[in-house]
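These notes concern the structure reproduced below.
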Amino acid sequence: MTDLQPLYEAILEGDAATAKATVQEALIESIDPQELLDKFMIPAMDEVGRRFETNEYFVPELLISARAMKGALELIRPKLADKGAKPIAKVVIGTVKGDLHDIGKNLVAAMLEGGGFEVIDLKVDVSPEQFVQTAKEQGAQIIAMSALLTTTMPGMKATVDAVNNAGLHDKVKIMIGGAPVTQRYADEIGADGFSENASAAVRLARQLVGAE
Amino acid sequence: MAIGLAITNLDEFTYGKSPKPIKCGRGVEIGNGRVIPEINFTLPPIDINPETWPEVLRQYSEMITGICERAVALGSSGILVEVETLPPMTVNPSWGVEVSRLVADKLDYYYEKRQLHSAFRLTPNDTREHQRPPRMRSGMYWDGMKEFFERSGEAGADLISIESTGGKEINDIALMDADVHALVFALGIIAPRDMEFLWREIVDSCKRNNVIPAGDSACGFANTAMVLAEQRMLPRVFAALVRIASVPRSLVAFEQGAVGPSKDCAYEGPYIKAITGSPISMEGRTAACAHFSSVGNISQAVCDCWSNESVQNVRLLSGYAPTVSMEQLEYDCRLLNVASQTPEDGRKMRDWLVASDSSHDPQAYVLRPDVVMRISKTMIEEDTPYLRVRAGLRCGLAEIRSAISANQLTLPVTEMKWMDRLYRQIDSLPNDETEFIEMMLPKLADAPWIPSEYGF
Amino acid sequence: MAIGLAITNLDEFTYGKSPKPIKCGRGVEIGNGRVIPEINFTLPPIDINPETWPEVLRQYSEMITGICERAVALGSSGILVEVETLPPMTVNPSWGVEVSRLVADKLDYYYEKRQLHSAFRLTPNDTREHQRPPRMRSGMYWDGMKEFFERSGEAGADLISIESTGGKEINDIALMDADVHALVFALGIIAPRDMEFLWREIVDSCKRNNVIPAGDSACGFANTAMVLAEQRMLPRVFAALVRIASVPRSLVAFEQGAVGPSKDCAYEGPYIKAITGSPISMEGRTAACAHFSSVGNISQAVCDCWSNESVQNVRLLSGYAPTVSMEQLEYDCRLLNVASQTPEDGRKMRDWLVASDSSHDPQAYVLRPDVVMRISKTMIEEDTPYLRVRAGLRCGLAEIRSAISANQLTLPVTEMKWMDRLYRQIDSLPNDETEFIEMMLPKLADAPWIPSEYGF
Amino acid sequence: MTDLQPLYEAILEGDAATAKATVQEALIESIDPQELLDKFMIPAMDEVGRRFETNEYFVPELLISARAMKGALELIRPKLADKGAKPIAKVVIGTVKGDLHDIGKNLVAAMLEGGGFEVIDLKVDVSPEQFVQTAKEQGAQIIAMSALLTTTMPGMKATVDAVNNAGLHDKVKIMIGGAPVTQRYADEIGADGFSENASAAVRLARQLVGAE
């Protein structure tokens, strides 16, 4: 029988090829995919998250592990029972209208994906209407916005207002971030959460959907 | 064709003095013996639109008045004032010109009435990145920029700078993955192509308007890496390499006719100064209001202007933040200028600034004047930006490696494994630029860029 | 009975080293070779009441966390943290204790988990001036202060300081009129009487609680004059004399048992250090966030701790202002400590700090280490605070006068006429303290003070 | 006939004794008090103000001139026709509730007096009710408040509100100042003016009552 410890190691080290190969072998041997997920893959990503939180891992390492996880997950998802395979929640993400600075947003998106969220990335310069419409159409639970410029921050308030006006705020939580953004600003405009950086954003998203 | 370094003697590589000093504005001399404070300021959170415009002007007037009053009170021998516009002011150059003119008029007033020497650096935005993928050579953003450059004289600018972004769309990807090949493609291949296009335009426009083309900053490339490293998102050693890789790109502005002072946030400045002899502006501990860094003192070691990078017009206990920055910069410059009254003493001060930071962080280490000179030398022995980047990365990583061995630099344990990873990636860069391009183009087929905007 | 100076050799009067160093807190040594950053912070505009209290605590937690994280990131070898409470926290000491405890607990945490060395200076308010005329020795304000001193151990303080205000009600009058006689009555007669009463109480309380009595600041006296001079409300030369006149008053704390470090905003610190040998905290260019000054560099020349005075928890582009100050202070201290690795180099740096400011303003000039030593010497040859103030003013004005003659100090034309005015006032101070008191009491009959609160 | 130039000089130099003596002699010689005021005393104070504005004079010099002016004015006031003798306006001044820092307030009060205003000084720790009541009773045109602490600034808003609630704001202008106070804060709370320092306060007061 296939030794499965290499699956754990492969995800931890971001070795997508080995991760996929190991999963394939295991499936051929009819090992329960749920067991693969629960005993090796999720623990590996937990360890990646722990290392990132404690500054042992940097973003590139986190991203590469997240990609290995994603690759392995794509192989077992069709074989899985419902439980455990669904994303934690859907997140619609983008930078606000007028703001083209997306590196922070990209980080958050990648880390949310690695953390088990489904991410719908509207990229940059997203209008309040686009946020609202996509969240509605996709049945998202979270809208995540970033702004790097103080001049584009008002786009956050406009989006919160649009969500409120669409009567959507009871279904969707709104989280914001970016260099000039503060908790106080989040409170002021009626956003549900603010995160100081990309790693805190995943924790915040979990809290917002009650997954933590 | 290899060129030589403008500064070949380490003893002559110090602050306040550069081989090619500049006279500008109202009686200001840069790089001619004294370090000059460069003061920057920007608006607090405010939406810019016709309705808020009077308030925008009021704030700029408040900021520049507070700054000039404080400079006069402290008996400053001269200041460099930078206005880095906000994007709407470049998209709509009439706004940018109005704000700049207001500042220039205040500087005229303080020169005439209070004998305050000053020069004015105007930094329009590179708004081309406001669309994805960016269009670099046409379209409404480029038109706005060109118009603003052309109106720089009317705007009252003495110097023009920019933090241009050609190649940033690929650099962003490189940073996320700490991917050296993508980094080299961004900074060694496409950024220099855009720099050549952009700076030819800027220099021409400056000539027509009697404005000095000052220089560019790899802010969007290397400072993004620095800030991410400061947040522990990226290894510091990688950020140090991004800094080195940005040098050949920023050098292109000078090849096209820029003469300095290089922009404050261009921490590649010491390389530019060693290579070109042009004066540079730098920022460090006094720019903590804009971003944290691990180069707070060493960044000052060979500066000609000393800056706060940028501060919003928020109220502190003493007064508005721009005025606070003005005071801090003036005292810092006073100290530097007192210390450099003999060359030996100036070097002593420089070496203390260097020693206080250089062992803490590879990003600081690669700003050591001797290290800068060695890496610069290997870079300019090459003829093309690609080969210069490759040579700089090789030399830089070797410098870092031997500094660690010699206990001149400590690296966190978590970064040690990166040394080998980065070495392998650098080592696999081909000799031939065409080969490299052909290797990279397919890999970047899905990336958000338009190859033809870079002449491909 | 005349005493001698603790520092008699100008070469040994430098920063980072004092004859009587202090060990305190979590592995911090002050005055034992290295300058330590002293970081201060306070709330942005907020009403303090039971409803806002959770937000107040959240903000303190945010501030101290940001500070500690930054200190760790920069590899600081140790920090001194000051909490100067807001008046409601002294009126209601339970509030003050809660905020202090929160800060002390965070410092414990960062010491244990991240090896950050730290000490904690707690500075309750002198709330006695919250009634006019103030009652100095009884009443609810004094009761609150006494309780807070007594609970300083419970609050987690390592050091206790205060900016006490006895005599300020007369000093305020003296400042408005630039009246030397009223000034001498405030700082030479009644302030020392209150200092003796207050500091006996503080030192006793510290002994019971195993807390270090650190020192007082003449902030409300001399810094008020400094800020008014900076706003051109008062002549600078008068403000320089107010500074000198404040020394004998602040000295009383040390006579009662305080051991330093003297408080950051006590610019009389160099005098205290020369006379007592205790380490001192100072502030200058890094305190521009709290107030502007003309002593931004020279204030650093003989400091043992280096401070930002105070900054509100407002957001800047990089982060919160207290974190920004932390970074600036750490870089400043790094530079000082690198420079002082040999005594000769340390003196060189000290002398540059001095030279960069001392000719610009009499307030800077009277902080010159040699001038400080000469004036201190004439002061301590006298036995009483009154005679010390008189001797200090005479000597100080003579020093300023000869510095102007020797072109070592420039004074604005508008101030020249003040030299004579001030001389005449100082010259007319009687030899006999009792005679002076009898001369002043009727003049101050209508002033808002209660003579019996000062033992009259 | 008495040479009146010394009156001008005496006020300018803050020599109260000479100023009063010269006025008394002039009155004995039946010189028109209005002329004393218009040709010598007011020009002298104007020159004092000019010197203060241009930093030739400091506060102590301004105060001493203001006192000489006041002494001379007391002598001629009973002899004057209405015109020119009345104060420009009445100002009720004080530091706000909880704030005991009065040096700035004292400066403003002194400078307003020297500038021809009548000043009713409520001293320190003044409640909104006290401001309102005094302004009403005295028929004041201006309420001037200062605060040095950010924690006491809310007292300014409370006072503005109290003036509004008393229906008094159409008769009384409100000006504020103090280290932490800003124009923005003044706008926010509905004050009519803010001044950065004591000399600007006099100009502001004049503007508020339309005297400039």
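Order of writing sets the chain letters: A, B, C and D. Residues in each chain are counted from 1.
Keep in mind that, in the parts below, a residue touches a chain if its C-beta (ideal position, glycine included) is under 8 Å from a C-beta of that chain, and two chains touch if they have at least 3 such contacts.
As the structure is a prediction and not an experimental result, all values here were calculated from the model.
Steps from subunit A to subunit C, taking the shortest chain of touch contacts, total 1. The chain with its Cα centre farthest from the Cα centre of subunit D is A. Subunit B and subunit C, compared by their mean Cα positions, are separated by 39 Å.
Averaging C-alpha coordinates per chain places the centre of subunit A 34 Å away from that of subunit B. Note on chain placement: the centre of subunit A and the centre of subunit D lie 63 Å apart, centres being C-alpha means. Contact with two or more other chains is made by residues 312, 315, 317-318 of subunit B.
Of all residues in subunit A, those that touch two or more other chains are 180. Taken chain by chain, the contacts fit none of the simple shapes, being neither an open path, a ring, a star, nor a full set of pairwise contacts. Every pair of chains meeting the contact definition is listed here: A-B, A-C, B-C, B-D, C-D. Subunit A contributes residues 55-60, 63-64, 98, 100, 102-103, 106-107, 110, 123-125, 149-151, 153-154, 180, 197-198 to its touches with subunit B in the complex.
On the subunit C side of its complex with subunit A, the touching residues are 315, 317-318. Per the touch definition, subunit B reaches subunit C in the complex via residues 70, 73-75, 230, 284-286, 288-292, 294, 296-297, 310-312, 314-319, 321, 323-324, 327-328, 330-332, 334-335, 337-339, 345, 348-349, 352-353, 355-357, 360. Interface residues of subunit B facing subunit A in the complex, by the touch rule stated above, are 42-48, 86-88, 129-132, 172, 175-179, 224, 228, 231-235, 312, 414. Subunit D meets subunit B in the complex at residues 179-180, 182.
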